[in-house]
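By written order: A, B, C and D. Residues from 1 in each chain.
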């Protein structure tokens, strides 16, 4: 049987003081179990590009039937850079109203500046987020070395009312959170994990290895390497494809966690091409198109994201159908 | 004598209709002469990281003595990603109050979404900007192809009350505005130029070549290749180093425009290392440190940008002193 | 128990005709079982940078005690680009003389031109190689698209007297053999596998998936992702680190193949940093230094590869000692 | 008038001793004037991919009518990685027989290992080369730092019977010769220049600036930035396009050297697209196709370089015709 890592939902002892700059007590002294599958939910829009809360609600009702660990709101697939801060918070509030208490709501609260990130993290917590997913700032990428990033995440985590999960997504940011920054930040009592979307499995294994003494968990950031990530010690995944094939990804989780690796491999391999299609190859417009095919509301993206061309739509369909999903 | 390109400040004839989606008349039917040197001004902060309007004002008074064509406000060196929209607009208003009418105020108004860019561009125009500098959206860089970018800039330019200047800065965005997008957008009557910070002189020459029939001008985005850019047909530069050595860059402009290339070369070459130090190598914190040395207010950056280390400060000093500037 | 993929060492049926251009019968109609661990052996040199055949022989005697599937001769770690063609062949002959018959000798025979690759492959076969490891040509990388590479490998495989294994090593070549080229080439009866050193586990899984109907096997090209590669269906690894910690890598293989994933994970994770040190971080000079520490002959590299600095040697030592190997 | 840099063909004083490891006297104590235009000649092949010396000879006769400074033999466009060492030397001999004495023959002699480069350089000198063009070794690119490259080029230059020109071509090698290596190597009395094909005009200007005290010259490695390179202090160019439009490139040289920058600009800009087509975009097969259109022998490339597709041929034609060359 597969040994589950020692993360449990049981309360742990009180935290020792960690940082002099910390000005408020953390909300919890308990461990936060991140293990499981999360869809980073898409944001449906009306024809006029306004957030469509009704369609969002209907998606959430369908997701409620899938054994997700929780939802990520305002991840990259939620088009968060295209939402105003106000919209970002409103969407989190709307999700919180629908989401059962035992489901974890992880809200993306990263901004370019430290001060804006602190403020938005507080608003997300007030809106009902259980954890904050904080992406690396990236505009001044030449200056975002370990020193700057450790400082940024430390100050944010010091002040955050909810646990923080680091978020490294080089395909969008052009920046990978350096390994030494991850391992140092893992020692912060309010930083509980990392979502790694880069897909470098050697790095993921090394992060698990070098943080094993901490209360720190690793989530795969894409379905393409989910099984391999479980294999080297990750505890779950935040996967765009879970918006479309959520049940299947939860099944893949179950197979990995129970050590049924051959079955897992067969399933994993059929998910690689559909996953690539809705992420790296064709992006959020493809994710939303595929959602429509599978009974969810996807719809259009905000501009400048463009609708798929006909050729792209056909490619997308092929990537699902050739693997038996359509 | 060096032939100045045909851009003049004289009025041109009325614009013909260009786009059906354009809903308002453009502010001017005149040509906009962009030629000359612009500092992309830094934003001074107080010790608490608030915008320091007094120090900003003092910098502006010093810049007034330098024959700049105008100022760029909210370029990359202005730390605009760390300012709120409200702050971005307030800074433009403050600059407008100080800036003589004949100086051109170019305000950065680019956001990730088209709708936010439209709104901020309008606010910048209302705040007194003469032109809007619009950076490429970049978060979903895999989807920001020519189709998406042409659509984005077209819609923004259609609705902008002031002329638009394209802004390509791959070191920060991880994305270069494709050549074919530039040449197509150059045909838009409200898109008047491009600031190219990539530094690929072959590309800059080709942009000049392929847009020569349009009312479109090219600005070098960095002092390191300013002379070469003039040589292949650019009309000016938006140069971080102009915050520090503005008089010298205006002198370099004068030498290039009057065809005194040997003198220009000697001056240009002494500017390469100082320029690299305050941009690519050490970034905005170095720019602000160098400003202090040369009698301007630089000060600290907003977090997560970190102060220079001692070793970096020494390196910065060497890059100025070894070229005879300190 | 872990299901071993269906590759067996038993003979399979006769091959069907595949290519009209094939001018000689393949040496075998049998399946070639590639599964297992291979060190890509280093080439020891004398103080005058000549190949030191005595030291090579002594290394081979030590390797004979380790349950490797075989050896790779003239892989990247063999400094093959620094050997003349004559030396490349001589080293293979020397290895063949020492190597027991049941051990597989895979010889690197890739050159930039197709014609040179054909010739060297034939010489390698004549020198006793059981299989040829053929790297992607890369100098004209802008033109090395799937069309060119499929043509190249097809012609080489058509004429090769021994089975061909594709070799993709982007860290050295700046080029990844495209997935569609791999899947098409996998249909060639004389192309039996790929050594993938890129480490993209999603891609490795997809290669396994899309070639499962063929007589085609995937070897991990580095120890850092060996376990993950087994997890997604690879059958072995060609690992620089096997020159140093060969017994341990064979143990890792045994644990993976027998489904003892938790033990495998503990071992795998202790191997990541030593592996990175002798490959990506510090390269062949570090590999050879580490060989000395573990009782093998490493010695110096040919120039322009430089000896490690003291700081690098200390870093190397730390990467082994902090994981309990020194 | 444009000031020509102080490089003259007049003899200079005797060289001072430079390196203790230097074991032979340099062939000349005279300055070597590199200034001017060089085609890096293509290698014609027969239908069976053998070197076609008759066609080569005919090309040379046509080139004799163009005021080139000399020829580069075995540059990237000569497909040197596809020639055996013997062929590389034979082609140089054949060119030397045809080439008037006053024309400079620069022969590519770079190999991956230092020892092979030393040997081939000596053979090239014996075959009649006036100078050796030595490319950066690149296979172990992670280890090819300034330390390794300075050591490599120093040892090669120490032993070379003819002056050495450094060659940096990152599009092929994935490696740029670092600036600090260039400036240090420029102090070697037998290293007289650099061919820089990267096209970073800021870097080219800085190389000129930091080597102005040395007997060291900079050649642009591509026609796309030739004028800009002249502008910042380069003395000539080794340009693939000179195989096709040699007369025009010599005219561009003349305009730049005589300070007729506006005329130069018009000509330069019409050359950018044809140049890109025969280099970066479509490579050597396109260069050879264009040579056919302009009365030279181009023919096929050695495999794995593939002939142009029909679509590529049309694109190539468009890039010439839209600029008025066809």
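A few remarks follow.
Note that in this section contacts are C-beta pairs under 8 Å (C-beta built on N, C-alpha and C of every residue); 3 or more make two chains touch, one makes a residue touch a chain.
None of these values were measured; they are calculated from a predicted model.
If you take chain C and chain D together, no chain is in touch with both. Counting the residue numbers used at the interface between chain A and chain B, over half appear in both copies, so the two copies meet with largely the same residues. Averaging C-alpha coordinates per chain and comparing to chain D, the farthest chain turns out to be A.
Measuring from the averaged C-alpha position of chain A to that of chain D gives a distance of 51 Å. Each chain gets a centre from the mean of its Cα atoms; for chain B and chain D, those two points are 36 Å apart. Residues of chain C in contact with two or more other chains: none.
Across the assembly, chains come into contact as A-B, A-C, B-D, C-D. For chain C in complex with chain A, the residues that touch the partner chain are 2-3, 199-202, 205-206, 208-209, 222, 224-225, 227-228, 231-233, 259, 261-262, 265, 268-270, 272-273, 276.
The part of chain B that touches chain A in the complex is made up of residues 49, 76, 81-84, 112-116, 137, 139-144, 147-149, 151-152, 155, 171-174, 280, 283-285, 302-306.
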